Amino acid sequence: MRKKPTRKPTIRKLTDSALRTWVAGLIRRQRVIGVQADGERFAFKPLTRAEDLRLDYDVTKIPPKKLFQPAAEPLLEYDQAANYRSIFETEPFVLFGVHPYDMVAILQMDQVFSEKHCDAHYFARRQNATIVVCDVQKASPNVFAGCMGTATIRKGYDVLMTRVGGHYVVEAGSPKGEALMEGLKNRPEADEASLHRREQVWEDNAKFLVRHTLRMKPAEIPALLQRSEDHPVWEEKAARCFSCGSCNLVCPTCYCFDVRDDVKWDLQGGMRRRYWDGCMLLNFANVAGGHNFRKNRADRYRHRYYRKGLYVPAKLGGEISCVGCGRCITACVSKIANPVEIYNRLLEER
Amino acid sequence: MMKTRVCACQTKDVYLPERARVVASEPMTATERFLAFELESGRPLGHQPGQFVEVSVPGVGEAPISISSSPTRGAAFEMVVRKVGNVSRAMHELKPGDPVGIRGPFGTSFPVGGAMKGQDVLFVCGGIGLVPVRSAIQYVLDHRKDYGHATILFGTRTPAERLFVAEAAEWARAPRATYMETVDRGDGQWTGSVGVITTLLPKVTIQPAKTVAVICGPPIMYKFVILELRRMGLSDDRMYVSLERHMKCGVGKCGHCQINGLYVCQDGPVFRFADVAQIREAI
Amino acid sequence: MSKPKVAIFDFACCEGCQLQVVNLEEEILDLLSVVQPVEWREAMSEKSDTFDVAIIEGSITRREDEERVRAIRERAKVLVALGACATVGGINKLKNRFAMEEVRRCVYDAAADMPHLDTYPTKAVGEVVKVDYQVHGCPISKKEFGYILRCLVTGKEPFVPTYPVCVECKMQENVCRYEFNEVCLGPVTRAGCGAKCPSAGFWCFGCRGLAEDPNVQAAREVMAEYGKTPEDLQGRLQLFNGGKEQAS
């Protein structure tokens, strides 16, 4: 095999005003989705002004999965003669400001959507995206990425930005990223001191993005779950579960979906769409005719944790399908959705 | 506004149905209808006994349906559909020539080319559990030399709910084959056996070391049939079950058909019982 | 396919759900392409005794209403309950907590004894006759009404969520009303509205009735987490789910 020539990635140093100029340029040329303030919180939204980009955010309400698997997504069009035609989203976009833990989740989704059968709808969107990851500058109230090994990331992004002191270090991670950084070719290369400080940021983030402390290594979770099927915690927590699916829907690694057809007013043709779904919802495991194979609230509750810690990891080569973003903890009205609390309990009360 | 473009040239879309046409449509019982389809392209579906397809009825939706016929029986593939949901209700209205969409075949199959080969085969079916198993029965009868004795046990609630009555008479006459049926409740005319499916098992003698059992029926049936077969000396690794869940996407993504960590659409619907005996949500 | 004849009848309600149908605007032409309205007080002057589909708006609050809706049911092949008053009894059920005599006096004072004001405890349409399709909400969603009507004319059972409003709140990327220290009925209320109220900055009023298998007990317990009492929750539930709440 011929060895690929290894080119050192471009790494530049960017001031805030240089960043704004760069982003403004990108907005002029293409669709840019960036993190912005949305009420009291943050969200990924189409960016129209560079000033609206908020890389100092703590966490977004909904993870960037919504760009690759929207809440309601057209799959097919059909007519009465059973001509089914695929619908693909094909507009390229830049996704600006993804946190490392969310990038880890995206990489996991890449695996589950390509495993055995490739999901062309997911990848149509995914391949059209150029992802700019930005290291976390402010810890959210429930983040525990530091425990999950997802506080920083060294692969998979197109561009990685890290705030060091009063500026950013910007590094390309792929040919797409290099192309995106074309507009920065007049900016200075990152100096040794900045790179050193960047290492420090990574170390700090791994240490401090820990609002909840997992008392085990993530790799120990599958074995822990394997012996915990009958643990009382499932019934106990589920007694307070609304089966509202909030933990599912805000989760960057929850990708289950429902598929439904609608017909147009001509009653001839229509569209097949897929919608976010959640294994916590009562009728998730229903079959036609009404039998529910997971009717018990505690069974659904347990299923979700087993998916994250045992079932999906089996597809991911052991990687735990929880990236420590803490969104489920925040979203749960009943305050029963803290994965760290659950796993620690299982460890302590065997 | 999201810009979308309709395009068929992207990488193969696993959610895109292929057009097929109804070639036969006949009522079978009060709630079940027999349907046969052919892909419009004329190519055989390429399924194995026990697999399923996703059937799309335009304007209605898509549902997973077991294939009831053996690939040894030509390019048409058959189904028996119970009227339970939107899609199956619409399928009851289908007439020969009507178009539908087909995806698949998906899932695992009965081990006709593996564990069943050279063995006596015992089929135990309750109600519409006979529908997917019929594909394996036909396959075994079409390759009679490759298998030992074939025993088919079929139970329904009432005589009127029996499926494939005429064909079952042929099974009974096939060489080295036994067919027995029972109903939970007889009607005025019924002179056959009355009792649940497990009452047929004592009438069968099996050689546990050279028998493979295929079991399919309503959730409640498995427990009792398996207990009885174990009592008769059959080990769990010689039993195969076909399990029902809602295989919505068929490609292991949507999550609806999961039994613990297994995807019924990929790891099933046919499982070796030994592989799922310890799995909490399976049986 | 011949177009089914549709009649809309109103009972005790504000007729706002019918108004939503009128407000379909351009879509109303689409609607007319699949059904033929034969009686619809808000939109036409004709009346008809023959119809295939009866759409019932409002709740049943008098004995004579009950007879009338039974007679409609007998003539209709398909019966649709339109809006919260029809599907769950709605706001009209608030009065069920009081003595009927007291209610009559309070509202009508001296006229309370007029025979047509002989009110009795409110019932949802489904408590009196068999309902084939429910269009939930106060008011109904125009989009859902159109969808359910298309399902009706094609003989399809519509997908109407049984799960709580929280699902749609997340899809809308709303911040949970509990984070604003408000008592929201979203976690126990049937979705399908697209989380309209929370998206507009209000708590969920519960107009689509309870979700399937709602965890009302959990809701009571959770109140303490937010410095609220079960009575706060009860108060909110009474607006649209008075009858159900008392039963629990």
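By written order: A, B and C. Residues from 1 in each chain.
Quick note on the criterion: contacts are C-beta pairs under 8 Å (C-beta built on N, C-alpha and C of every residue); 3 or more make two chains touch, one makes a residue touch a chain.
This structure is a prediction, so every number in the text was calculated from the model and none was measured.
Participant: Counting only chain pairs that touch, give me the topology of the graph as line, ring, star, complete or other.
Facilitator: complete
Participant: Per the definition at the top, count C-beta pairs in contact and tell me whether B-C or A-B has more.
Facilitator: A-B
Participant: Measure off the straight-line distance from the CA centroid of chain A to the CA centroid of chain C, and report it in whole Å.
Facilitator: 38
Participant: Express in whole angstrom the distance between the two chain centres, defined as the mean CA positions of chain B and chain C.
Facilitator: 42
Participant: At what distance in angstrom does the C-alpha mean of chain B lie from that of chain A?
Facilitator: Centre-to-centre distance between chain A and chain B: 39 Å.
Participant: Check each residue of chain A and list the ones that touch at least two other chains.
Facilitator: 260, 263, 267
Participant: So which stretches of chain B touch two or more other chains?
Facilitator: Within chain B, residues 59-60, 85 contact more than one other chain.
Participant: Can you list every residue of chain C that touches 2 or more other chains, as numbers and ranges?
Facilitator: 154 - these are the residues of chain C that touch more than one other chain.
Participant: Please output the residues of chain A touching chain B within their complex, sorted ascending.
Facilitator: Per the touch definition, chain A meets chain B at residues 74-91, 112-113, 115-121, 123-124, 229, 255-261, 263, 267-270, 272, 274, 277, 279, 284-291, 293-294, 299, 303, 306-307, 310-311, 314.
Participant: Enumerate the contact residues on chain B facing chain A in the complex.
Facilitator: Those residues of chain B that touch chain A are 2-8, 10-17, 19-20, 56, 58-63, 82, 84-85, 87-88, 99-101, 219, 244-246, 248-249, 251-256, 258-261, 266, 280-281.
Participant: If you look only at chain B, which of its residues touch chain C in the complex?
Facilitator: 59-60, 85-86, 89-90
Participant: Can you list the chain A residues touching chain C in their complex?
Facilitator: 38-41, 43, 61-62, 66, 71-72, 239-246, 249-250, 260, 262-263, 265-267, 276, 278, 281-283, 297, 330-331, 333-335
Participant: Quick one: which bits of chain C touch chain B in the complex? Just the residue numbers, please.
Facilitator: 154-157
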